[in-house]
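Next come two complexes, and both contain subunit A; in the first it sits with subunit B, in the second with subunit C.
After this line comes the complex of A and B, so read on.
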């Protein structure tokens, strides 16, 4: 691994992911065009592009939102998560084509600045049936742009994981804006029954998966204590763990990351609450264990995300004897403070 | 209403224009200053961080200034 940033991290798996993604995108666009030309041969090329890219980007956004909870419900979905970043950036670019063509088609011919025209050509902001739904699309696009533009690890490092995470949580707001963009726009004006049904299915799928994942998370939080024997297990020598890094062990099905920092050792559950990222492959940044996937943070001594965040992972007891690290695989309830083991001289 | 919106949109474009100038300076000098890991990175990497630098330039500028003061 190099110490400098690479433009795009590609490996065999990620290339395969991207190839499948591009293949499916092409397939979708061909099928959509064929379908439209068959049933609406009078459609203009611009309208075809606007609709094909709009529906494709919206579909991809649903997929992107569903991957997280799917992985939390079942680890077999993890390969989908692996390169979701590229999925997100691609989705933004497709949505951008939709927006650009819409602006050209509907706003570029007058003498008003096209972007001003998006806001002023329809000013029925009090009306529901005539609502300027394109404005909603614009703000959603702005959020998607910020997310795509900051998706490189450079931004995770330099915006601080906390700002980065807050920024990327806005995807839910963008989703809500887009639901309204579609509902108040084409669906209301043209009223395709199939459109309402598809939108309904999408919303139910996204929200029920999030609910199911949240319920599963709650259950795990209430896992019974004291089911394993109360004993310490030897792990490795202290000097095998690098400063601000972790050693990962799985003992009696407990996936544990033992971090070394400031002359101390602390152990927390290795599985990130965000999307099961491997916390033990991350490092300690500004005193917080920072997930290598999207930067969620946890304090080593209590497994809690610093406020205002509320994620918590289980903690474990660690001790050091004769330069060796021992851990007790009995988990404490998530967020329990455990004193760190001090590495003696 | 229209005059106000025109003003807001124009301010938005002005913000992005300033961002463009900033971003050019940033990928030339600033990025290395605030994050040594950008040393010797490719032009393609710099192109990738351009859009974000155009959008978030006040934040990056404040980091750049803070870094310069500390050194």
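After this line comes the complex of A and C, so read on.
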């Protein structure tokens, strides 16, 4: 998908996603402003903007972090994952409005550069309770910026998926920074119990979903034991695999997806070259294994993306004996053609 | 899961069975946003009723005093003994700056001293809790007129050594420009304003909840803006001598480093006592 980024085109589904997202954002901002004018009309417009955008971006970050584990728990949430990039970039832009207004409000028109002031106006770096909380927000914003700026597949290709993935894992670090930004900032100032309760609920929701997804993933992992190295390992019965679907096994660190289609079986590496999506949870569409995350495709017999694309994954030997499936966990170089195992009658 | 349930993002339609969870998520987000915005707004602390008349210029006339900080004195009436009742309007520069720089520029332009002269100023009013400030919004152009007048006598009263508990803030933000204009979230801004030459004030609260404001300066009336920066926006206890300059209290500190930091809990739990000895 190095050539024309085919899966990232606009379609009805995607436009709907964006419309719903923008609708919810508008709903939040209008409600926030309305409640504010109703209950706390003395607020200054700057503080209103700073608080409305801050809380919106932070709530959105919670939702973004929950989509991943939700999809692992139930695949029917996948449509939410597909366009998560837009959600992330929009959240960054909203956080940027918050940060820009904060920097202008608290640091501009002074005797030093506003950005320098963010770091020097409170120098209690040695204290926990008096720590300069705005600096934490600054670094979180920097991470969100790097993620938003590199979110297009162009960067995925140029940075290599491994670096890209680790960059995007930093969202958890950004989340931790923001929890501290809120704790040592507004919650410390206002001291209200409700704030601590909200933050607690948010953190529990995010972490418990991740935990549940990890436990489910571990439970589903099948690790059949082979007798000796380099030989075929029994996996399951042929009829346990649905047509055009796969069975995933981990044997000696190899994460393998065995697909059944057209009376044949083929095995490829389970990890998608795009963003490490689980190919074994995908389906064969138009003769190609299709990744469930963003739809990258691979041919079952050689693990290659159909031309003009150039992605390749490793392949494995499969055989069928007495209605049982066996796989040899020794990988062939990525893109090597291996004959499919024919399912006899 | 039935075999035909497979979704790829570029498909025009998602399978029917995917609709329910996706709708559920969107609904949950809508409920979260509605209830969340309500709860977040409701749980904020109340804002002060301080006022900054942004965009509205007002003209005031009075006598300029450079001590203890630049202020314009207006006679608002006479007391029973026939002495003038004065109101001192603290002058502040544009942005996060004190008024001195602007006044000095005008002195240089007009080649005269402004202290003690009658000035006609145009600026933006800031007021709260009985105190009034004027921002010289248009910098040098805020000084419309300078007139000679007979000197007004100042009323100075020495009130002796006092220990006060409270928070150091910058008067510009505290009395109107920002909400909240004090506390930890505002600390950086207060530090910027005080570093920029706006006189620091101590907001002290007595045991019975009475609030008093003190302009902070050094032992001999010199500015100590730089020295107080590390303790701005924190609960502190300060000890110094207090002087009443007409209608403004001034706290003269021997040494800003002698300030005692108080725990944040203390601020939340107990109002500050404004007198008495240090223990």
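Methods note: the second predicted complex is superposed on the first by the 216 of 345 C-alpha atoms of A that agree within 3 Å, B and C clash if a C-alpha of one lies under 4 Å from a C-alpha of the other, contacts with A are read in each partner's own complex, and residues count from 1 in each chain.
As a working rule, contacts are C-beta pairs under 8 Å (C-beta built on N, C-alpha and C of every residue); 3 or more make two chains touch, one makes a residue touch a chain.
On a predicted model such as this, the values are computed, not experimentally measured, just so you know.
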Contacts of A:90 with subunit B and subunit C, given as first, second, both or neither: neither
Partner chain(s) touched by A:155 [first = subunit B, second = subunit C, both, neither]: first
Chain touching more of subunit A, residue-wise (subunit B, subunit C): C
First, second, both or neither for A:53, with subunit B first and subunit C second: neither
Partner chain in contact with A:36 - subunit B first, subunit C second, else both or neither: second
Subunit B versus subunit C as contact partner of A:123, first or second or both or neither: both
Residues of subunit A that lie at the interface with subunit B and also at the interface with subunit C: 6-7, 123
Subunit A residues within the subunit C interface of the complex: 6-7, 9, 11-14, 20, 24, 27-28, 31-32, 35-36, 39-40, 42-44, 46-47, 51, 55, 59, 63, 70, 74-80, 82-83, 105-112, 117-118, 121-124, 129-130, 132-134, 184-186, 188-192, 194-195, 198, 242-245, 282-283, 285, 290, 292, 294-295
Subunit A partner contacts - residues on subunit C that touch it in the complex: 1, 3, 5-14, 17-18, 20-22, 25-26, 29-30, 32-34, 36-49, 52, 94-97, 178-180, 183-189, 191-193, 195-197, 230, 233-234, 264, 268
Complex contact set, residues of subunit A against subunit B: 3-8, 113, 115-116, 119-120, 123, 145-146, 148-150, 152, 154-155, 157-159
Subunit A-touching residues of subunit B, taken from the complex the two chains share: 1-2, 5-6, 9-10, 12-13, 31, 34-35, 37-42, 44-45, 48-49, 51-52, 55-56, 59-60, 63
